[in-house]
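Labels run A, B, C and D following the written order; every chain starts at residue 1.
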Amino acid sequence: VVVNVASTEPHPAWQECYDDLGALEAALAERPGVLPPSSLHAYAAFKAGHGFVDFTPSFGTRVPALAQLAEQAGVPFAGGDGKTGETLVKTALAPMFAHRALHVRSWYGANILGGGDGATLADYGPRASKIQSKQSSLGKLLGYTPDGTVHIDYVAELGDWKTAWNHISFEGFLGTQMKMQFTWQGCDSTLAAPLVLDLIRLTAAAQQRGDAGPRPELAFFFKDPIGNPADSRLVMQFEALRDWALAGRVAA
Amino acid sequence: VVVNVASTEPHPAWQECYDDLGALEAALAERPGVLPPSSLHAYAAFKAGHGFVDFTPSFGTRVPALAQLAEQAGVPFAGGDGKTGETLVKTALAPMFAHRALHVRSWYGANILGGGDGATLADYGPRASKIQSKQSSLGKLLGYTPDGTVHIDYVAELGDWKTAWNHISFEGFLGTQMKMQFTWQGCDSTLAAPLVLDLIRLTAAAQQRGDAGPRPELAFFFKDPIGNPADSRLVMQFEALRDWALAGRVAA
Amino acid sequence: VVVNVASTEPHPAWQECYDDLGALEAALAERPGVLPPSSLHAYAAFKAGHGFVDFTPSFGTRVPALAQLAEQAGVPFAGGDGKTGETLVKTALAPMFAHRALHVRSWYGANILGGGDGATLADYGPRASKIQSKQSSLGKLLGYTPDGTVHIDYVAELGDWKTAWNHISFEGFLGTQMKMQFTWQGCDSTLAAPLVLDLIRLTAAAQQRGDAGPRPELAFFFKDPIGNPADSRLVMQFEALRDWALAGRVAA
Amino acid sequence: VVVNVASTEPHPAWQECYDDLGALEAALAERPGVLPPSSLHAYAAFKAGHGFVDFTPSFGTRVPALAQLAEQAGVPFAGGDGKTGETLVKTALAPMFAHRALHVRSWYGANILGGGDGATLADYGPRASKIQSKQSSLGKLLGYTPDGTVHIDYVAELGDWKTAWNHISFEGFLGTQMKMQFTWQGCDSTLAAPLVLDLIRLTAAAQQRGDAGPRPELAFFFKDPIGNPADSRLVMQFEALRDWALAGRVAA
């Protein structure tokens, strides 16, 4: 299984050849740069008969032609952007507001970290991919997009210790405005490493039992899951993952 | 439907007659004080054919003899202790640690509030009932009881604005120790009122369709739900509530 | 006394005529736009014999020629940028780290607010003036500039409630790394209004007793005080203010 | 110089002999337990001609008879209760509210820690001494005692990492209610050790230049300083310490 844990890339402009495998391969023959590195690695993995996991918010397998290739080659793939900190908490917490009919007026997040990942995200292009990936889940979880944004800032001395503050302003009965805040102090590599190991094992198992193409059952691990799964709630993602894993075990 | 929203009572010592309706009624005939006020109100409600909701951590219907009476009378009851703030967040957040195999080393909570409720909880007896109710869910959600305790303090000037700080120390891959903190600034009455309204409607609906006795399907609303439901995760409690409510609607 | 409480302007490029009153007046005769609005108002105030207070981080009286004019006209002026929230806390807190020889590794601030002020600061130019003003005090207070930055974001629904999170990473004995965080929930107008009133009274009193030109004794009120006062510590600014105010009272 | 860094003791009931050295020595001859261990150590230090530093909130030198002995013996002493975390922040922060005429409605603190110190403070008696010491500075700094209390709880797994949350509710112009919160994550031994070293050097220097008896100039280091110094503001305590240290250096 090939896993992309490289730094975040900016997303390329959409190209017509992304929609069809034949057209994509013809374009690649002339201009290998038609695909960004993350997608090129996915292409190579599929061609060689290997599953692919995108642990970043990069373009990766977000190309219909690559999904066609994976189905043909009988290999599974999953992604994108490992859910290790702030977004993990969001997918656990946002359902609480939704289920209790507490209207979220704004949800703001500030993230600081150092290290190579922090340095990359200090550039605008990659950060835009990341922020889009971080915010996408909130709309799905709440049914509307609250006010607010997400900031990622590079603070060199923090190294791998990703620190996040989230401020949530919400409204209850009779319009009463209330607040919740959380801070998260997590070691990003330590949070990511076991997810990568699990993803490798689960993707290999999927291939063994013939589950090819995008694997929405692995949404539990991702900020912006491929395959458009219906439910973004963390607990339901866990249940879906367990049901799928157990079903496979029974079949075996 | 009779709803108990009185201030928290200390729990009485257990008495043998609590286990049997006949014995309880015999004891009541001689000593009405054999039951604390919350349980006496539940008894009266059941005798009069009304459902009962305990929105407090008081003793209420935690008497097997009263459950027998409710079943006989064909009336439903639910409780206990409305889940409006810190514990609500816990039941949303703790599954995240459990599902990600992040071991919670300690979970500490400090709660401050004023008002009548705050003043009552400043006394030791009622506070003990409350704290026990607050901590009970964590063990069920995690599968073990982490270090830490819960404090409730009376700060008069805050009035109804219950403010809580929770500090969670957890351990990831290779024993790395990480932290999460949250603060909650909620208006307690505003959070409680719509739950009380929903509970009245749902209990009345349960009675109409013949669902007598303890209603574990209403666990979504409570810190320490009656009827010992298997799953303490907020999202699963919501799913159970919705399934039950919709099943009833279809039947009607 | 004229007070500038307009929204923050971007700073203009420096012009030679700013250094000399004669040159400035010659330039103004031809191009009134040679001064930004805040400075033009200061010029008009001085010409009319009135003191001027700049409650914003705008260019205002940061023009040597205007200081010459104020001295000539015998009018006092003060500024810039009222210190109402995050920076107020910084000037109270940073001396603690300095005096205890706790080395501040990074100091990061995220600010969110709505209202007209928030909307203006969402534009890059004004925000740059503001952020520069906010960070300037930290270097003076610590003797070095720690890692980190300050963010100001517009979150419409918060209105006038400026909310800030600051994360401070510091190092003690034997290199041990520790953290402090604070959050501030302040109503910006409410915090600013009494300062404006005090500044008007104090500036009027200064004029009465003949204290013309820049008034560094009013540094207590500002993020980026005019007149380059030696001590940026809040408590020492208060002592300087009180000494000056009492000296004036005695003289009167 | 003898330094008391033992765990906190409960305070004894006041005894008449504490007011006079002769009476105290007579009582000691009969009942050595008339003084708690911390005070007995101070007595022994003074008798042997050594200065004494009480880094704890214990009774120590809070005995007038011991001050008489120190003056006679020409030895200095200082204390009590090293100011390393929450109270350090309070003495830096509270002047901000006082100087800006922001009325503090309540100030609440929750402290959690493990280790031997945490275990001792879990017992009621020692904790009472500690809490009294922690709260005493707030009244002096503000001129009134706001609502609220301080909690210290033992959370074994945190070890030496003292973690504190403070919630401050304050009132500004026109009665507007605002909030500030801070959290502190400090390694208690690391924060204490350099203070102990400095105190030893400064107490030895005091003795060398003949400054006997209680040393209020060392108030900078303590939660509840001996000698009743007039100013409890951290910055002014630092200025007083520096002035005193420099005066000594000049004299030498």
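Assume a residue touches a chain if its C-beta (ideal position, glycine included) is under 8 Å from a C-beta of that chain, and two chains touch if they have at least 3 such contacts.
The model shown is predicted, which means the values in this text are computed figures rather than measured ones.
Chemist: Please decide if copies chain C and chain D contact each other with the same set of residue positions, more than half shared, or with different positions, and reply same or different.
Modeler: Both copies, chain C as well as chain D, present the same residues to each other, with over half of the numbers appearing on both sides.
Chemist: For the sequence-identical pair chain A and chain D, determine the rotation angle of the Cα superposition and round it to the nearest 5 degrees.
Modeler: The C-alpha superposition of chain A onto chain D needs 180 degrees.
Chemist: How many angstrom lie between the CA centroids of chain A and chain D, rounded to a whole number?
Modeler: 51
Chemist: Between chain C and chain D, tell me the centre distance in angstrom, where each centre is the average of that chain's C-alpha atoms.
Modeler: Result: the chain centres lie 36 Å from each other.
Chemist: Would you mind pulling out the distance in Å between where the CA atoms of chain B average out and where those of chain D do?
Modeler: Roughly 43 Å, centre to centre.
Chemist: Which chain B residues reach two or more other chains?
Modeler: In chain B, 179, 181, 183, 185 touch at least two other chains.
Chemist: In their shared complex, at which residues does chain A touch chain B?
Modeler: It comes out as residues 88-89, 92-93, 95-96, 99-101, 172-174, 176, 178-187, 190-191, 193-194, 220, 233-236, 238.
Chemist: List the residues on chain A that touch chain C in their complex, please.
Modeler: 105-106, 108, 110, 112, 147-149, 151, 153, 155-158, 163, 165, 167, 169, 179, 181, 183, 185
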